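These notes open a run of structures that come right after.
One chain, chain A, appears in both complexes that follow, with chain B as partner in the first and chain C in the second.
Take a look at the complex of A and B:
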């Protein structure tokens, strides 16, 4: 059995096991699994772009919001089907990501971080303004027959697609180009890689997946307003979970998402006033103590035991 | 006319915010995303001292300056120097310092929320005053005056003192500055500390006429970053022009269209700068 077939098989077994979760539990633990699955899709997709390129994107919240908001508007105001709006949302977010990427990814990473930092907030302001002045301000309802289990399965499908996409990228010319860009961008340019285009394509994929996740989550809230879906906090959580796990392996973010979701859940319930402080401490811990994430720690341990 | 004058007054305060960040990024090479929190800390100090001890915010500026200077110096020495040492190249340092200062900003917000979770509102010199037919609040005008004075002192210090010259030298080229006997580490720490101090002082001034709460720092960070990039990194003159432009545009959008769109307007400017002048208004394209 070759390595590739084996890793695909392991992946398939993991997906099958994850798909069985709603049969084992429902209610509280299913809702936690659902949240974790959402972050697995978001963080893994984030790491596919930010891991090799070292561009820190804080745009997840904006794309996620576009997904949720478009689904809500389409279903509530224009009587469109959920599936059509999900598709529309993904296309819109992908195009938007392309435009943002073209404008900012030619420049150094700092400009990109700053631009994405305020993006969710800016879009939220724009959407609220349009809604208040032209559409009449009211909440939007997303009414579907989906249960938590359905939403969970859809998110699992997205997460599996992200993994498959990452696995495929890793073996493609695009992935090879990305690795070279990450190591030394000047060299990449000299060997004839279109660095800007490579980065933009990967960034568009994060927009696509984040919008899908946002669209799928919308029925869970059932009542949508701009302040709810365009949350800047989400972008930071995605970054923290991915970095905590480690971005240089495809399965790295997974190791970060699961413990962090549990801790975050516990903190939000018991000491809700400390969430911001905790977020800050998590960032500092990662930068100063685990710069390569849990994957980095594991690999160091294994290295030591072999030596 | 209303827009011109209010915009100019707002721009004056933005100048201070941007100068602080400009020193930190232009000289110490640290993109400090906790800069906005330094402003809010200053504002909180101004509010708190006024409410509990009736100390005038104009006095608080001078009380807080040495504390902010020392605090920022320690932050640079203890938290950021290890990152500078560890980083192999400028790119790695940028990523690390962005993440670390995000962490600091969240920690500061968390601490401030637990200190005072509500808005920092107080009334100081809130009497109306008429200039050229436009009514402005006295506190805005006083804040603008102080901003001009602080900016002028900073400008003179940078351009007409030995330490200021060293700071400018490091800003141009750290490697060459070392060759002419400048202690780059020390100068960077100095610039970072002065930058943080100026931001905190600006925060006290802002608190006299804008109602803040513990979590708005990120908005100030955004605006300061937009101004610094628009003006050109390390370029004080550019920062002043950019700050005034941003102040005017925001005021114009807020009065003519909708106050909710000021951030979108700032973003539009930012986007135009990135597309057409990423090296800043007065910057030259790198050869």
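Take a look at the complex of A and C:
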């Protein structure tokens, strides 16, 4: 019990420290912190599902896009409030994730990866097509009074919710079931685990959180078009940052997001044409040298110093 | 022993894989506290019968009732919760979990569901029971083959199943391990557990089974005590071929 209280306390202190960032800095560094916070929420939530199950989902961009696009459409064309549209977007993305989950989680390994990538692209093209042909090809404006600090705090709230959710999952039957599924799905079924339901519930949670993040970040762009928010690059970044940090601990992705965001930012400024190259190199590094991410490295070092 | 109530009632089950009929109109029953052996030549459909009872894949036709409850249309996890536990022909462990958690997995989601300390103390008892008392927190991948089989057995027992399916649990053991293995299953039987064994080891069948059914090409060809079926001419010709 004391261990649980301690980890909750550490979490609370981290949130408080993170909440203080806008008071310390604004402008450039706040915008980097904001990007990092966005990826912390996305990668951690992604890892809750993909970490234990090893189902690599490349659909984050689709759910994120739904968040941004619905907020933009609702505010721009239908005069709805930001808060209402954020709620609608989260519900729509969660339901969509449920449908995708029911249809695809029977697929294994690489088929699931390709399907989620294809699906995200399909949604992007579909939304573009509908937007251009039926809703008028004008842009969508998201005009709010939010400053970067507001957006940052909202993202922090989502990230904290993701961590709290992950913390509960880790201590629940659901989390244990997910671990067993990741180890050996046949055994999971035969010990009495409803594998389909377990996977769908977790996949829906990633849809929910990604849409929330997409909705919250929309006011930052001000001007939204489908190709911007349904970015396949985002799906890859979420995966790479999570793997870099390590997906078998709740705080793993966090360790990947922070250095990656900084390096990514530096490269985008100094050698903007090399971002894709960097993405590839990062992926190779993870696969060849740190398959269990920074967390895996840390745990190995600690083992060695103990032994 | 074998004059208790009927626990499992298998009626006229068939399984077709495309054009191949793996199980063809098989019927048998298992009574409470009975150990039933399913024997037959390789490829005769024994493992398929185990897979059908545990719901690994659906029946093409027929009915399987556990204490009157129809299992035929249920998915594997519901059948497990109803009280059917199994081990696998090729041992299946959860490589990323400790020995303890491998067994807790069976206790948390099985027929009788336990959680946290209750699940752990139950798993600890079962690990002692199968002879892994000193290996609770080892990574399961570090275990020898027979120890992995013990883990699998403890996992299957952990949900307090109504019936235990052991698919060649004794296969691949060396002579002394085999002796230990037979004793272990015998002790489970003395506890009053109901067990179906698919087995090739004839010593084990003679020692353990109260009754046997013999399957060939997916059909029942003999039924009775181990001694009587093993001396049945039809059975002998099924194993050795005609003339």
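The working rule: the second predicted complex is superposed on the first by the 306 of 307 C-alpha atoms of A that agree within 3 Å, B and C clash if a C-alpha of one lies under 4 Å from a C-alpha of the other, contacts with A are read in each partner's own complex, and residues count from 1 in each chain.
Heads up, the rule we're going with is that a residue touches a chain if its C-beta (ideal position, glycine included) is under 8 Å from a C-beta of that chain, and two chains touch if they have at least 3 such contacts.
Note that the structure is predicted; figures quoted are calculated from it, not measured.
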First (chain B), second (chain C), both or neither touched by A:273: first
Partner, of chain C and chain B, that touches more residues belonging to chain A: B
Partner chain in contact with A:103 - chain B first, chain C second, else both or neither: first
Which superposed partner A:263 touches (first chain B, second chain C, both, neither): neither
First (chain B), second (chain C), both or neither touched by A:183: second
First (chain B), second (chain C), both or neither touched by A:173: second
Chain B versus chain C as contact partner of A:193, first or second or both or neither: second
Partner chain in contact with A:12 - chain B first, chain C second, else both or neither: neither
Overlap of the chain B and chain C footprints on chain A, listed as residue numbers: none
Residue ranges of chain B touching chain A (in the complex, touch as defined): 31, 33, 82-83, 91-92, 94-96, 98-100, 102-111, 113-114, 117, 215, 218, 221-222, 225-226, 229, 258, 260-261, 263-264, 267, 270-271, 274-275, 278
Partner chain B, residues of chain A touching it in the complex: 54, 56, 103-104, 107-111, 113-115, 117-118, 121-122, 125-126, 128-129, 132-133, 232, 236, 243, 273-284, 286-288, 291
Chain C-touching residues of chain A, taken from the complex the two chains share: 173, 176-177, 179-180, 182-184, 186-195
Touch list for chain C against partner chain A, complex: 54-56, 75-77, 80-81, 85-86, 88, 92-97, 104-106, 108-111, 113, 115, 155, 159
